[in-house]
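The structure appears right after this line, and notes come after that.
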Amino acid sequence: MHHFDNFPPNPLTLEGSAILHQMLKVRWLEWRALPTARRGEILAAALPVLIAIETGKSALFSLLGHKGDLMLVHFRDNLDGLGKVERDLQKLALWDYLELSHSYLSVVELGLYESTMKVYGSLAERSMEPHTPDWDKEIQETLERQRTAMQPRLFPEIPPHPYCCFYPMDRLRGEHKNWYLVPLAERQRMMADHGEIGRRYAGKVKQIISGSIGLDDWEWGVDLFAEEPTVFKQLIYEMRFDEVSAVYAKFGSFFVGRRTAAAEMGTLLAV
Amino acid sequence: MHHFDNFPPNPLTLEGSAILHQMLKVRWLEWRALPTARRGEILAAALPVLIAIETGKSALFSLLGHKGDLMLVHFRDNLDGLGKVERDLQKLALWDYLELSHSYLSVVELGLYESTMKVYGSLAERSMEPHTPDWDKEIQETLERQRTAMQPRLFPEIPPHPYCCFYPMDRLRGEHKNWYLVPLAERQRMMADHGEIGRRYAGKVKQIISGSIGLDDWEWGVDLFAEEPTVFKQLIYEMRFDEVSAVYAKFGSFFVGRRTAAAEMGTLLAV
Amino acid sequence: MHHFDNFPPNPLTLEGSAILHQMLKVRWLEWRALPTARRGEILAAALPVLIAIETGKSALFSLLGHKGDLMLVHFRDNLDGLGKVERDLQKLALWDYLELSHSYLSVVELGLYESTMKVYGSLAERSMEPHTPDWDKEIQETLERQRTAMQPRLFPEIPPHPYCCFYPMDRLRGEHKNWYLVPLAERQRMMADHGEIGRRYAGKVKQIISGSIGLDDWEWGVDLFAEEPTVFKQLIYEMRFDEVSAVYAKFGSFFVGRRTAAAEMGTLLAV
Amino acid sequence: MHHFDNFPPNPLTLEGSAILHQMLKVRWLEWRALPTARRGEILAAALPVLIAIETGKSALFSLLGHKGDLMLVHFRDNLDGLGKVERDLQKLALWDYLELSHSYLSVVELGLYESTMKVYGSLAERSMEPHTPDWDKEIQETLERQRTAMQPRLFPEIPPHPYCCFYPMDRLRGEHKNWYLVPLAERQRMMADHGEIGRRYAGKVKQIISGSIGLDDWEWGVDLFAEEPTVFKQLIYEMRFDEVSAVYAKFGSFFVGRRTAAAEMGTLLAV
Amino acid sequence: MHHFDNFPPNPLTLEGSAILHQMLKVRWLEWRALPTARRGEILAAALPVLIAIETGKSALFSLLGHKGDLMLVHFRDNLDGLGKVERDLQKLALWDYLELSHSYLSVVELGLYESTMKVYGSLAERSMEPHTPDWDKEIQETLERQRTAMQPRLFPEIPPHPYCCFYPMDRLRGEHKNWYLVPLAERQRMMADHGEIGRRYAGKVKQIISGSIGLDDWEWGVDLFAEEPTVFKQLIYEMRFDEVSAVYAKFGSFFVGRRTAAAEMGTLLAV
């Protein structure tokens, strides 16, 4: 079986909000070396900015472990919106006492495996040659229709759950097992099986997938939100036995944090 | 042989205490640059906090080598408990002179391979379809029964032995050898063989396994506790020839430390 | 099939401008610790230098994420030109407040797969032995002809688009899949297929390929320029299903930035 | 052939001295910023401690290259002895000007491949079941006998040669080539061949093997001592063509240093 | 085919000068923070030392990119000579403002593949057993004869060309493709083919190969010297299609620098 059985082999995808994850370490020694009054001033200047961005579009988490003390997650309409929030934060004196230890840039992505199979099939039946103007027009119409239908999922608010788990991932391109050479129909089947596990956790875990090919060092970012963090372990462990994960998933670092109101920043900074 | 011979392929697991390992380097230059009196004050302020958490729920170790000078191990009921201890420590002035060089986040895990085989078998004999409400109910009952029986092992105290060895590990997902594609029955047999070696060391080594899928960068964390550290080497070397380790285990960094009473912190800090 | 079917196996290539990418992090704490007047002076001294190099030959981008705050891209006639711009920048007091977190050295490269096939074929038909003086002369003439024709593509201006995506890449030399053992004719076919995808994006993305074998740690650098950054993701995702990318491409870190006039440096430095 | 042909598959091993390698970088800027008199004081306070430990049990080397300026090698009876020397050094003001850039923890190990083959064979002939009390007793007696005979090799002095080469190594556990699945008899043969090369260098190189499974990040540490350092290259190059090294050895970083009397510490610190 | 067809499998090699590459980053902030007069003094104290070592035995290069600002290359008769130059440099106040970001330790090596084939063949014809005293004597005589003949290539001056390219490399020891298992005769043929490409560049590139097995983290170091740096790319690209490189070469980081007279150090330090 070979991916050229379907042509083109790439599934149609939709892009939505631009997302930036910022992982931050507090420079405790420098921060605590400041006079108490100065720390108060710096915090007072930062709070309105942090509170202003915390409107479903940015969220603050306290991270567990050495990878960072804080994580800021920003959802914006596009990369320019993310650039603006980055510059707004850099202007704060508080920023000098936070080290950006890691970050991740991506855009909300919906992979339309089922629609792709349908529209490619229908266009093939009508003997339309891929990448001809007529073919392109039909594809664009499909995308436009889906984009309208999916609008809320493409530009979501940050879910309000108290726990967040973020990790980046790739699909394997090994010398023997290579996701990008698997026929589209098989990939669609595996993704559907994968989705079934997700649906069993629907009430417990809210998942947002973002794509980062061409934007950051892994191909996708995954954000999970839940009331109770043990469910992250249960869901991901169960999925690991899934064909698409067992064989084709490569995982980066995992970041687990607890949602905190920006107004509570002083508590996180031990002021 | 293929893992779809058993369905679902994942073993039932129980989760208990949340665990955080914190590896710390002393900032000797900055610490020793403080006036003696100030160091005394800082230590005096830290000791009550360190002693208070040292009640079977947190333990202090002096590490050997460059990976860290100290290791704090925290067992708590959940991630919130770990977040609280992190923030309590960050409030100490002492924290400014300790660099968090590494950490590991996990939860105590018991993999119920034998119970899983039994209950899956019994449900299959009764022709119950996986993931139906009835099937789920039976699984939940099995889990609940085991959870009650295993309570002390799920929420253990930190063993009092003077030596600790901690390391994270993964199961291999290679292009040819892939743990997650091995049938459940075979995995159960390999885990049982593996456990037999462990049992031969029962009097000498106390082992606590924690799961970290979805929580940290490896799949499991292993803590070994012993009176005499050479036994770590002997046990792990013997296990390396074990099928499940020889073929399917990938190991991260090893951290070896000696238990120290929090009250002895001054000695470790050369005050 | 084996690469010795064609001899020599390496495609003719042309080299043009030398390129240096410099990724920079602002040392916020040290920078902001300076008196406002001193920051103004430092910036005033730097601006004329930055503006002077910004003439189609150097460009400033604000980067997204933790890999850097700024990216300077320099196109020069040769490595000496790059050395000169490096030293000019090092002379600025501003340079002390910028940490060179990453860089990439390469030269514009055009791989002449089609011309190579033609000229090798024609020389073989005329029974000319490779690497004999006559053979070399014909090859040199081909290269010279192409060099003249390609002059504008070999020494391009930096495209004026607002968004840039840079990443380095290698061709796989695995134990089973090895680009450098694939026959030249097959490599030429795969590169032609690859180019076809690129051509479909011609109006939207401007691409500059540079070679870095013997100059930096990957074999090639890729710069993409566009009005709208989502197209980077779409183009590279589509190409990933391409045989030459799916099987033979290894990717390094991705850097995404927004073009900023050097005169706006003060804004990026939050002055 | 499979390792279950011999059971148990692990060779008997003996453990001796605990070893700690400490690689150190001088913090030149901070060190030289001290007044000359203060540097003299710090050195004067450190010398007696350094000289006291330099009695066949600890040795000082000046390293070549950027991995460290100095290397301290400590041989002690057990890990507690190493912990003590670590704390003694941390108490020195000199320690504040030395950065512990790397370290390695291990214990002298003798792998008794030949004795293992003999005793396993003899016990099998007498139909004794592995891991039964009788079997264990015989094994313990073999170990005890060997331990007595090997005492000087288990607790050696640090050889006095002027040059030292240290590196850690693993045995390969690949998907196709896996040392831990090779039958014991074959491993014994390969180790014997390997030892033969070593014996040809006996007069020129003194080798001490230490085991670090469960103690540090590689499985073994190798220390070579010689009058003339080129012999390190010649020996290791010749061994690389050896089956056990060519196929099954993975190497970490190499550290090469020249023995220096602790009394000469001032010279190394450019005082 | 198997390497035991030839015995011993390792080629005879000769060792010459000991080489140390030192890559250095200027600590711009600390350096420029010094009063102008102090910088002048420090430079004035350093120049005579730098100029004295610059006599065909040490050379200074300005590096391009973030891997370092400067590279010092030292050729000495042995490791003691390198240790001495290291200590001489560490004594300079200038050294406090240079961070040793990387280094490489190796010795000039000539691999005598052809002589090896001849002498092994001749000794085999005379039925001489390898590693017997007579066999060893003949080998030593061959080595001595070659050592005398090759003296100038074993202890070369640093070539005076303006550009240098340095990189370390390994031969692959994969699970399927393993250089150290290839028969000697085949390795000799591949090395001869490889050398032929080198000879075509003889007038343009001067190459010095050094061995670093047992000395540093890769097996070999390669130094290329040229008038024009594009030739580094052309030569290495052409060689990459070579069997020995395409299949068996693994490359480390590449460092490219321009020769600068030590007297020009002030210019590189922007004084």
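Read from first to last, the chains carry the letters A, B, C, D and E; within each, the first residue is number 1.
Note that in this section contacts are C-beta pairs under 8 Å (C-beta built on N, C-alpha and C of every residue); 3 or more make two chains touch, one makes a residue touch a chain.
If you're wondering where the values come from, they're calculated on a predicted model, not measured in any experiment.
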Starting at subunit A, figure out the least number of steps needed to reach subunit E through touching chains.
2
Subunit D reached from subunit A - shortest hop count over touching chains:
2
If you average the CA atoms of subunit B and of subunit E, how many Å lie between those two points?
46
Cα centroid separation, subunit B vs subunit D, in Å, comes to 28
Per-residue multi-chain contacts in subunit C, two or more chains:
175-176
Assign the assembly's chain-to-chain touch graph to one of these shapes: line, ring, star, complete, other.
ring
How would you write out the ring, from subunit D onward through subunit E?
D, E, C, A, B
Subunit D residues within the subunit B interface of the complex:
3, 8-10, 13, 15, 20, 22-23, 27, 30, 78-80, 82-83, 86-87, 90-91, 93, 95-97, 100-105, 107, 131, 173, 175-176, 178, 180-181, 211-217
Note: in the complex, subunit A contacts subunit B through residues 26, 28-29, 32-33, 62, 64-67, 69, 163, 165, 167, 172, 174-177, 200, 224, 229-230, 232-238, 240-241, 245-247, 253-254, 256, 258, 267-268, 270
